[in-house]
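Across the two complexes that follow, chain A remains constant while its partner is chain B and subsequently chain C.
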Partner chain A sequence: MLDKLDIQIREAKEHAVIETTGYLNDALGEQLAEKAQALIQDGCTQLVINLEKTTLINSIGISILIEIIEALTEREGTLNFCGLSATQERTFRMMAIAKYAGIFPDEESAIANL
Partner chain B sequence: MKDPSQLISGDSLQVHKTQSTAEQTMERLIFSLSELEHLGQTLISGHSNFNHSSKTYLRITLGTLQVTRGAILRHHQTRQNLEVVASSPDQVFAPITVEPNEIEELLQHPFIESANLPESLEPFFARTAKFIETIDIRLWVPLKIHDELLGMIGLGSFLGREALETWEMELLTTLAHQISIAIAYSQMVEGVQSEKFRLFMLAESAPQICQLLQPEAAAEQVVHQAVSLLDANAGALMLTHAERQELEMHYTFPETLVESSTPDADPNGLVLPYGEAAPTSLETTSVDMLKSVVTEGLPGHCPPKSDTLFGGKNLMAVPIPGRDGDILGILVVGDKEERGGSIAPFTDEDVILLDSFAKQAGVAIENAHLHQEALEARQLQAEMEEARKIQENLIPETLPDIPGYEIAGHYEPRGPVGGDYYDCIPLSTGHWGLAIADVSGKGMQAALLMATLRAGLISELSRGNGAAAEDSGTPNDRSVSTLYAELIKMALTLNSLLYASGTAEKYATFFYSHLNPETDVLTTLNAGHNPPLLIKKDGTYKWLGEEIGGIPLGMFPNDMVSNIAEYEAEHVQLTSGDVVIYYTDGVTETENVDDEYYEEDRLVEDSKACKDSDAEGILKYLHDAVVGFQGEADQFDDLTLLILRKQ
Partner chain C sequence: MSNEHKVLLTIPMYPDMELAAAKTGSVLAELKDFNEEAVEEIQLAIIETCINASEHSQSEDKEVHIQFLVTDDRLEVKITDRGVGITADTLDGTRLLGRPTVHTDLRKRGRGLQIIRALMDEVVIESSPNGTTVSFTKKKTPP
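Entry: the complex of A and B
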């Protein structure tokens, strides 16, 4: 699964879900940032990022997630994460990502809590 | 506060012209102070990413200075370029390459006018020509702290004037300082975030990988964590085989990292011998570097041009130490990523980080292998227990009473499961079949082969083969010939059965005796077993089956047996007081502490000494004699004795 890089977007009326597949490094991170920025530019301020199929993240991936949080915060939007491994969740808490974004076990609860 | 930069056209411009210069200046100064405060707030707002807030900085700068066009460029040292992070008008531009000597020159100038470019910077500005034209840049301000170039501000189209006034230039200097601080702060926060992430991941990964008990899972996690820790985009784990002096690939990320010569070839399993002499070529390749890491036990680097193994990556490798100080393998990471897709060189800090992680990886890999070994040992133990149970059921608990005879047997396995077998089987004719066998190997396979042999033997005997009744003691009689033929046929059937059950390494020596208790004729067939010893009452002796052919069962197919050594039968007439001693090679090959073997001569002498005892007495005497001879030496083979005595 890590060898494959992919981004899927599921847009609804009030929110959008971005699902990543593969190693969240610079390559996948830039794609993610581009898609997220495009959604934000289009007025979407309720975002869920599903990382269930992304088991590996490096520091560039983390910095890109922080950028998306900053962009959404500026527009008073909400970002929720779901599908995190236990290590990823601990990492997000340690990197203060969890302070500005919600963490939920699955997509359904992440959407419900936007 | 009204933004004076908004007064740029039409009626507003007309109003602007009618205001007194002093009023305008005052208004702009007040606005500037307000915007400087805004800029400061942006800086401390917690937005760590400069690229994100750069548009705000540009807007404040242009508004404060009443400039309609401009851009902020950020310098990336490792990429050796300037990235346009904000521009007015907002457009996307390709990064602009900047050479080290050009950086030196840029740092010398607080301002650079496009109309008056220094000669040494002409090549740089030639590369930026399209950008300058689009934005109409007239004035450049290098952004710097000490001797580090952080970026540049480009300004164009000064509103209503040809150049900035002196106080505006001073204000621009202040703004440039503020933006420089913002870039430096952003870099510092990015660095802190990155280091925080790495240290956390290092601390987090240790217990995580040490919990993995499958060697394959541990290898995978070790590589993934190393790749993530080092911001690399590839990684590999190779383990050493110290005896063969080889490095074997165990895991690569991505899977296609090693370019195979054949599409279906599995890169895991790639072997690099590291015990070879140093290469004669002056060019050190990545393979040479990996070998050096193992032999020297020190980290190694390899630039992309020298990587012949992973398709031209910038590599760093460290040894993975084991508990005993030996090197378990090497951990390799490739191509350290930077934001924007560029590849950065690995730093000294990276080496220290990967080296620290490799120490943890060594513990994890050893743990996983020890766990695997313990599991295998437990499985083997369970298998041995099962085999022991199978074998227990094959050796008779008690031996039958044969009219006119005494019989006693003893079996002592070397380990939990041995490979010897004996039996005494009643035949439908009222005769008896006595068998002794030694199956090659130990454990479950030996037990199963023994079970197969016994099942085949019982089956053959129950079908009447080898059970024929002879009524005369002379071998020329037809009935004796019939029995001979049946025994040979039985041996061939058993040979075929065992041959089909296993490999050539799995075979059984086998000695079978057909006892007619009415005539006291003992007809025998030997398939490669130690010849039993017949001790006569008068002390003379004879080795049974010594001179007749027959190779062990299951070693060759039947059609080859006839070419090597055909099975043959013979018979002997027993008389009162005769003793037949069946045994396996564990008896005659018992070794004492002086490395001497018990051998056949001692068996003969000890058998003569006890021949007048009953079967149980003979058995005990011989067992004690063999064990006594062995003394403190280890028992190397199963020890089996079967005694048949004619009363």
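Entry: the complex of A and C
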């Protein structure tokens, strides 16, 4: 269950994809926030976060995702998620994340809908 | 093999120790063939309860005590800390719900309770100045 924590970034001309691996808690969440904020500061405001390799997300991790949404909202950016499990998607909808960010089954559709 | 299994676990309030409790819950649920989604929901409820205990209980012994009871059709989890208890407005959710914007509604960590209530079939919270016990049950859905 304690997967290695990792964050991969794939940047394209007009968007970036951030892929996380491991338990999305405060530790991985802070790394994720740091990388997302760096992209946003550099002017990249079209982001996809791929959670396919993140099997568990706790409420602190969700708080950090909301902070990223807020940072993008301030710059009129867009954030789409993909690779969520059924439980993760249900939790995101319950936490109102789906009101402020898109949820898509795969990376391709998440990018296409930025 | 008996149809009922009881497991007692005590974890210290260290970072990521909630995963040990979640893993125990998932093993017991898988033993009784709970589906994958139910196992993930159980893990998340255990994680959120243990994090709440670690972050908010102010427990002097810095321990979380977990009792698992699994039968053929349900998993019951009871998570106890010996902290200072939680307040009524947190218990009834008035601090957690109904906020209008992303800027204010979801930042508080107490939202873990909201997740637990949504994912589990039964949730009971008992709290006093001597500690808090959160009990929840997940019923197995027929295949």
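In this text, the second predicted complex is superposed on the first by the 112 of 114 C-alpha atoms of A that agree within 3 Å, B and C clash if a C-alpha of one lies under 4 Å from a C-alpha of the other, contacts with A are read in each partner's own complex, and residues count from 1 in each chain.
Going forward, contacts are C-beta pairs under 8 Å (C-beta built on N, C-alpha and C of every residue); 3 or more make two chains touch, one makes a residue touch a chain.
Keep in mind that what you see is a predicted model, and the values were worked out from it rather than measured.
Enquirer: State whether A:27 touches chain B only (first), chain C only (second), both chains, or neither.
Expert: The answer is both, since A:27 touches chain B and chain C.
Enquirer: Using the superposition on chain A described above, determine whether A:81 touches chain B (first), chain C (second), both, or neither.
Expert: Neither partner.
Enquirer: For A:99 in the superposed arrangement: first (chain B), second (chain C), both or neither?
Expert: second
Enquirer: One more residue to check, A:62. First (chain B), second (chain C), both or neither?
Expert: Both partners, chain B and chain C.
Enquirer: Could you say whether A:71 touches chain B, chain C, both of them, or neither, answering first, second, both or neither?
Expert: It touches chain B, and chain C stays clear.
Enquirer: Share the list of chain A residues that count as touching for chain B in one structure and for chain C in the other.
Expert: Chain A residues touching both partners: 2, 23, 25-27, 55-56, 58-60, 62-63, 66-67, 70, 87, 90-91, 94-95.
Enquirer: Which positions of chain B touch chain A when the two form their complex?
Expert: 47-49, 51-52, 190, 193-194, 196-198, 200-201, 204, 208, 224, 227-229, 231-233, 253-256, 337-341
Enquirer: Enumerate the contact residues on chain A facing chain B in the complex.
Expert: Per the touch definition, chain A meets chain B at residues 2-3, 23, 25-27, 30, 55-60, 62-63, 66-67, 70-71, 74, 87, 90-91, 94-95.
Enquirer: Give the list of chain C residues in touch with chain A in this complex.
Expert: For chain C paired with chain A, touching residues are 15-16, 18-19, 22-23, 37, 40-41, 43-44, 47-48, 51, 102-103, 105-107, 109, 111-112, 114-115, 118-119.
Enquirer: Help me check something: in the complex, which residues belonging to chain A touch chain C?
Expert: Touch list, chain A to chain C: 1-2, 23, 25-27, 55-56, 58-60, 62-63, 66-67, 69-70, 73, 85-87, 90-91, 94-97, 99-100.
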